[in-house]
Amino acid sequence: MIHYIVRRLLLAVPTVLGVCLVTFLLFNVFASPEAVARKQLGKNPTPAQVKAWVTAHGMDKPMFFNLNPGKDGSIRPFDSRFWNHMTELLLFRFPESDYLHEKVIDLLKQKIVPSLTITVPAFLLSILVTLPIALLIAYYRGTYIDRLALLICVILMSIVILNYIIVGQYLLAVVFKYFPIYGYDFGVGAWKFLLLPVILAVASGLGGGVRFYRTVMLNEVRADYVRTAMAKGVSEEGVLFKHVLKNAMIPILTVTVLSIPFLITGSLLLEMYFGIPGMGNLMLNAINSHDYPVIRTLVYIYSLLYIAGSILTDISYTLVDPRVVFE
Amino acid sequence: MAESHLQIAIKRIKRDRLAVSGFCVICLFAFIAFLDSIPSPRRDVGGVQWTRTVLDALFQKEVEISYSPPMTMTGILNRTEFQLKSRHLLGTNNLGEDVLYNALKGVRTAFIIGIVPSVIAAFFAIILGLLAGYYGGWVDDIIQYIYQVLSSIPGILLLIAMLMVMERGLWQLCFALGVTSWVGLCRLIRGEALKVKSMEYIEAARALGASDLRLLFRHILPNVMYLVIIEITLDFSSLVMSEAVLTYIGIGVEPGTGSWGRMIMMADRELANSIWWNLTGASVFLFALVLAFNLFADALRDALDPRLREG
Amino acid sequence: MKSIFSQLQGGKGGLVNLSSMNFVDRKVKKILVLAVLFLMAFVPSCGNNPYPPESDKLIGYTALGEDPRTLDPAQSSDTTSAEILCQFYDSLYQNAYLDRPYGVVPALAANYPEKRIFYENVQEKGKTKELARMEYVFKLRDDIYFQDDPCFPGGKGRRVTANDVIYSIKRLADPAVRSTGYWLVAGKIKGINDFFNKAAATGKADYSLEIEGLKAINDRTLKIILTEPFPAFIYVMSMPYTAPVPREAVEYYNAPDREGFSRHPVGTGAYRLKSWKRQHRIIMERSPSFRKEYYPSTGAPGDRESGLLDDAGKQLPFLDEVWYTIISTGQPIWLLFLQGYLDASGVPQEQFDRVVTKNMELSNQFVKKGISLEIASDLDIYYLAFNMRDPILGKNKYLRQALSLSYDTDLYNQIFLNGRAINAQGPLPPGVFGYDPKLKNPSKTRDLVKAKELMAKAGYPGGMDAKTGRQLELVYDIGSDSTRAREVATFDMRCFEQLGIKMKLQVNTWSQHLERSHKGTFQMFSLGWIADYPDPENFLQLLYGPNAPPNPNSSAFANPEYDRLYEKMKGMENTPEREAVIHRMVEIAIEECPWIFNVHSPSYVLRHSWNKNGKSHSISGNYRKYVRCDPEMRRAYRKAENKPNRAALFYAVALLLVLSAPAIVNKYVRRRK
Amino acid sequence: MEQVLKIEDLRTHFFTGEGVARAVDGVSVSVGKNRTLGLVGESGCGKSVTALSILRLIPSPPGKIVDGKITLSGKDILSLPEVEMRDIRGKLASMIFQEPMTSLNPVFTIGTQIIEAVRIHTDMGKAEAREIATEYLSKVGIPAPAESMSQYPHQLSGGMKQRVMIAMALCLKPALLIADEPTTALDVTIQAGILRLIKDLQAETGTAVLLITHDLGIIAEMADEVAVMYAGKVVESGPCNSIFSSFVHPYTEGLFKSLPSRTERRRKLYTISGTVPSALRFPPGCRFHTRCPLAIEKCKSEEPPLVDVDSGHRCACWVRAGGSA
C-alpha cells in the first residue's frame, strides 16, 4: 500500500508542475503589472511609486530568462518572473498579500477553522439527511411516492442557492428571530452562528443529493444479487439497508471523498452572507481587491489538496470494494 | 438507423408530460430571448443611442421615482408610447425600473450563459477527445495530461482567477465558464471514441481507404454527438444558476446586461422592508427556466442515452 | 427516549402500525424524532444575539464595511482604515468635534502653531528669484505618551518627542513604506522630494538624513518650512498621515518573524487595539496612558438644545471598549441596527422612503422606537462639467447658462437620490469655510423661457445654429455602461433636449473616458468630488487653470482673475478677507458656468436612544472618544425586539408531518395487503 | 404422488406505459417430491416469470400476479402476507439463477452470504450456521471450504460461484429448488458437473426441482417431466420420455428440429420462421399460428385448449390434438 501511495504521489508531480504553469500564465502573462500596482496604491499614486511597487514585486524582471547583468555585474539567468514563480510555489514560499499586507500562509491559518466549522457539519449532516431519504425513496421505487419525491427533488434543485440563503435568512433570522442574522465567534460560542448556515447548506443540497443517491441506489436495486438476496428470504428493508447500501457506497464514496478538499474552500456565499470569516470570505475579498498573490496561492494549494483527495478516494475504495486491490 | 433512434427518442419524450411542458416553457423563453435579439424597426425617441430591440420596444416601461408595488399605474415621466399596458405588472425596483422588463431582459442573458459556454466546452472537448481517443499514443498522453492538470484546479477557483485577469463581461464570462468545464465531456468523448474506433464498421471504412479526418468527423463524431447533446442540455441549468451566483458575488456579467443574478443581488436587502416583488420576479423567472430545462434534460437523457435505453 | 417515542406514536390508532415496524423504520424514526425535538426545543432558545454575553464593561457596537487595509497611518487611504486608525493615532491637531463649519483644535500640540512668511533668494536658470516660504513652529504637549506596548523597554509607552513627528513625516517619503499620503507633503515641505528621490535611487531610505524643512528645535518644539505659503497645512497636520509613530514599534513589528507594523498600531490615541480578527471583528479598548482630555464645551448652534453639550468638560473617552463588526453587505447592518445590536446605522437607499418622510423627518415608526435621525452635510459636490476647450461650448457662455437653466436638479434629486440631496448653487458644499447659505445661482432656477432666450442670445434660437440653420448637436459622455449611468445620462439629455438641442450619448469604458477627458475631446459629462480636508481650497482647485487635465480641473476652466484669486486665497488665513475672495471666485464660477452645479449629497445617520453625543463628520477623525452609551436602555430595547416566534416552528413541524403522510399511509396499506 | 408444487392457471401481467404485457397467461404445472420438471421455451416465453411468480419476486410495480393459484407444500402462496412469504423463500423454496457472476453480492464474503441465508430462517448461532455453511460448501465440491468462506465472489470462477449458489440454495433443505438456466452462462465443460451436482443433491434431500432451460439436451438428461412454453402459455406437457419420443405440438417439433442432428450432418439447420410475438400484442387464437407451418383458419380465431393426447401427455393444438375437444 505504501508502495502504491508513493507511486501515485510521484505520478502527481507533473500535474503539480502543470498547475504551477497555468497559474503563471494567468497571473503573469495576462495581467499587466502597472495596472495591478495602481489598484493597490490607492488615490493618486505618483509614477515613481508605481515603479517602486513593480520593482519591489519583481514584476519588472524578464519573463523567462534574465540575461541582464545584475548590480554586481553577474548574470543570474533564473532570476526571472517564471522561475521565481515556480520556486515560490514549489518550495511553499508563499508571498505576502498585496491588499492585507500579510503572509498568505498566515491568512490561511486564520481562515481555515471558521470555514471548517461550517462545511464539515454541513457535509456530515447532509449525508446523514440525504442518504436515509434516498433509501426511503428507493424503498418506494416505482410508486407515486417515488415519482412525487423525484419531482420535488428536481424542484428543489431548480431553486438557486441564493434563494435558499436569502429567504432562509429572512424567515428564520429576521422574521422568526431564531438565529443571529450575521456574525461569528471564535471558540465554542460559534455554534449559534453556524446553525443557520448549516441548515441552509443542507437544505440547498437536499434535492440534488437525494436524487443522486436515489439513482445510485436504484442502479443497485436492479442488480442480480438483490434478487438472490430476496430469494434467500431477506426482507426488502434488509436488502436495501444491507446489501444495496454497501454496494452503493462505492459511487457515493467517490463523490464524497472527492468533495472533501472543497470543505476547505469553504462556502463562498454562506460565508459572505452570514459574515463567517473563512476561506470563502478571504477569496471574495481577494477578488474584490485584485489581490493576485492570494488567489494564486489558493489555486495552487487547492490543487494540491484536490490531487491528494483523488489519491485518498482511490485508497478508500478498498474499504468498501473488495474487488479493488493495490498493485 | 440514426433517424429511427431520433424518432424513438422524440416519441419517448412526448410521452413524458412533464418534459413536454418543460419544453413549452423553454420555447416561450427562447421566443423572448429572440425578441430581445432582433433590433427594433421603430425609431428611438430623442436620439438616445440605446441599442434597442423589439423586446425593449414592446415592454419597456417608464422609470418611476422608486419602488412601486405590482400593478401600479405608470407615472411620472410621461412617455406613453410602446406600452403593452400602462401598468407595472410586477412593480418597480428602487431605481424605479419596471421589474417585469428587467426580468425579461434577463432571459437572453440566461440563454447565452446557458448555451455558449457549453458550446465552447463542447468544441474543445470534441476536438481533443476525438484526437486523444482516435490517435492514442503520445497525442492521447498530452491531451490527458492537459485535462489532468486542468481538472486538478478546483473549477470555481480557476473561474475566479480567469475572471480576475480578464475584463468583466458577458462573453468573457461565457469563455471562462466554457474553458473551465470541458474536461468531463472530453473524458467521455475520449472513452467513446476509443470504443467506436475498434468497431467493425470503422475498420471497414478504414480498409476502404477513408482518411483519418473523414473517419473522425463522418463516422466517429456522429456516434459521440448524443453525449454532447445530453451534456449541453444537462449543463444549461447549472450554468444559468452559476451566472446568478457569480454575478451576485461580483464577478459575473457587467452592469447594464440584464441579469437575474444582479436583480437578486439588488433585491436581497429589500425583503426586510417587505418589498418582495423584485426578488420574486427574478427568482420565479430563474426558477421556471431552470426547472423547465431540468425536466426536459432528464427526459432527453433518458431517451437518447443508449446505455440507459438498454438498461 | 422511549417515553417520548411512544407519546409521539400517539395512543389509539396512532399514525403508524407499531407492531409491524422493523428495525430500519425505528432508526429512521428515531432520527426524525430527534431532529424535531432539536428544532422545537433548541433552536428558539439559542437566541439571536450576535455577541458573547455582556460583561460590566461599557461597550459601543459599530459596524465596519470591510477590514481596514492597514493600520499604518502612513498607508491609510480609504475611509475604513482611517476610521479605525484615527482612534489609535492622534495627530498634532484634530477636527473639532462639534464645530461647523469644520475647523481644527490642538490634540497633541499644546496650541495653534506660530506661522511666518519669509522670502528666500533662489538661483534658477542663472537668475535670482525671490520666493515666498512659510515657516511653522509647533509646540507639543508635555503629557503625551505612546500606548504601552512590548516594543518599548519594559513595555511602558515612552513620551512623544518632536523627532517622532519628523520620523513619521519621513516615512511618508520612504518608497518602501508605500505611503498613500506622500502627495500631501511632496513639493510642500522643503527638501522632502530629495529625500524621496535618494531613497528611491538607493532602494533604502536613510532616516538619519536631514530634511531641510523639518527640524526639531527641542523635544517639544518642531519647525517645518514649506516651499510656499499654505495655511491649509494645518489640516495636513491633523490627518493621520502625520500622526507620530514610534520608531521602536515600526522596527520591532516589521522584523521578519512578526506580523508587521501595519497590523500592530502603537499610537497616542484614546483607544488601543485589543484584538483584530480579519473579516470578523476589531475590538479596541481604552488606553490607560491617554492624556487628560475633556469633552468640548462649545459647539455649533443648536448643539446645546440637542443635548450634545450635556457632557461638556467630562473626561474622555466614555466607552471602555468599541467593537467594530465587519459586515460587508448593507442589509445585515440595517437589520442588526433594528434589532438593537448596532448603536448606529446609515439609511440604506432602498429603505429611504420608509425611514425618512417627505419633509426630511424620521418617520413615526422609528421615532417610537427612540431612534433619531441626523442629516449631515458631506463635503462633496456633484456636477456636470463642460469642456471649456470645446469649440462650441467653451466659447459660448450663454449656451452654458442656457443648459444650466434647463437642468432640473430637483427632479434628478427625486428620481435618483430619493430627494435626499441638496440643490447645489456653487462649488462649495455647506460646512466649508466660505460657503454662503444665501447664495442664489441665477442659472440654477429652472426656467425654460429664460433658457430659450439665452439660446437665442448664444446664437442657437430654438436649438438651430443661426448661421448654418442646422440643429445643434452635443455629445454626452459616460464612463461606464451601467444601467444607472445610462439612466442618469438619459435624464440629463432629456432636460437639454427641451431646448431643441440634439443630444448624443457616448458610452466609454473607464479608461477610454479618462483618455478622452485628458485629451479634451469630450463635450460634457458628470462628475463628483469628495473633500480630502475641509478647506475651500480643496474644492476651488477644481477650477484652477493650471490644474487642467490630467489634474482634477476636468473642464480645463481657465480664468485669469479666478486663477489669481485662487493663488491669493491659498495662502490666506480664514479671515473675512479670505471669505470675500472666495465669494468672488464663486461668483466668477457661477457667471462663467463651466459646470452645472448639481447636488451636494448629505449623509443620513440613525442612532438609537442610548447612543449619546453622536454627531456625523465628513472627514475621518478620532471621534469614538466622544461617544457615550446607556447600557440599560440598550438592554431593554434588545429584549423587547428579539422574541423568537415559536408558533411558526410548530406549524413547520406540522407541515412536515402532513408532507410525509403519503409515505406513512402507503406503508400502512402495504402491510395490510 | 404428493405434489410439492402445484400451479393452476397462473397469470402474471406487467402493466407498462405501453400496455399490458401478459408474460404468463394461464400456466398450470406441478412437480412432485424428488421429481424434476423441465420448463422449456425460447427466451421471452415466460419461463423465468413463472419461476419468479412462485417466490413472488415479480418486480411490482409494474408486474402483478393477476390470477391463478400456487400451492407449495400445501400452502396457498398467493394469499400469504409478505412477512410469511419471506419465511418461505429460501427455506421451503429456493432458487438459483442464470448469472452466477453477478448473482452473488460482490462486497460480502461467501461465508457471510450463506450464513445470512441460514440464520434468517433458523435460530442458529453464528458458529453453528458457519458449520452448516462449510458443510454445504464441501458438499458442492468447493475445495478447501473453510478457507473459501472468507473469500469474495470475484476470487472464484464462474463454476465455483454457481456451486456456492447451489450450496446457499440447498443448505436449508428446501422442498423445491428452482433452477433458472443454471448452466447457460457457464463453459460447456463445467455444465455437466453442475447438473450432476444438482442431481446428486436432489437424490440426497428429495427436493423437487423446477429446471428452466432452453436446452433440450439438459432436459433429456435431468427432467422427469417436461412442459413446453410458448408466449406465456404451456403448449405441451408430459413425461419426458413421452415428449421426446412422440412430440405433438408443431412448436415442440420445431424445437427438436432445430437441434443440430448427429445423423444428418449435411442438412441445413432448421429454424422456426418469424419471431416470438411481443407480450404486449399476442396474436388472437393460437399464439403460434403466425409462425406455424400447419396453421388453419380456426387457429387464427380460437384458442386451442390443452388436451390429453396420451396418459399425462397434453397438448394444445387444433391441428394435431384438436379433434377430440
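Every chain is named by a letter (A, B, C and D) in the order it is written, and numbering of its residues begins at 1.
The rule is short, and it goes like this: a residue touches a chain if its C-beta (ideal position, glycine included) is under 8 Å from a C-beta of that chain, and two chains touch if they have at least 3 such contacts.
In this text the structure is predicted, and so the values were computed from the model without any measurement.
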B-C versus A-C: which interface comes out with more C-beta contact pairs? A-C
Measuring centre to centre with C-alpha atoms, which chain is farthest from chain A? D
Please list the single chain whose C-alpha centre lies closest to the global protein C-alpha centre. A
Rounded Å distance, chain C centre to chain D centre (Cα mean): 86
Distance in whole angstrom between the CA centres of chain B and chain C is 41
Separation of chain A from chain C, taking each centre as the mean of its C-alpha atoms, in whole Å: 36
Measuring centre to centre with CA averages, how many angstrom lie between chain A and chain D? 53
Please output the residue numbers of chain B that touch at least 2 other chains, ranges allowed. 268, 272
Touching two or more other chains - residue numbers and ranges from chain D: none
For chain C, write out the residues touching at least two other chains, lowest number first. 329, 335
Report the residues of chain B in contact with chain C in the complex, numbered from low to high. 46-50, 63, 65-67, 76-77, 94-97, 254-256, 268-270, 272-273, 275
State the interface residues of chain A toward chain D in the complex, per the touch definition above. 142-143, 223-225, 227-235, 243, 246-247, 250, 320-323
Can you name the residues of chain B that touch chain A in the complex? 18, 145-146, 148-150, 152-154, 156-158, 160-162, 164-166, 237, 241, 244-245, 248-251, 261, 264, 268, 271-272, 279, 283, 286-287, 290-291, 294-295, 298, 311
Under the stated contact criterion, what part of chain C meets chain A in this complex? 22-25, 28, 31, 43-44, 46-52, 66-67, 69-70, 75, 77-78, 175-176, 178, 180, 182-183, 186, 196-197, 200, 259-260, 262-263, 277-280, 325-329, 332, 335-336, 339, 642-645, 648-649, 662-663, 666
As the complex stands, chain A meets chain C at residues 41-46, 48-49, 52-53, 56, 99-102, 106-107, 110-111, 114, 128, 132, 136, 140, 143-145, 148, 173-186, 189, 191-193, 195, 235, 237, 240-241, 272-273, 275, 277, 281-282, 284-285, 289
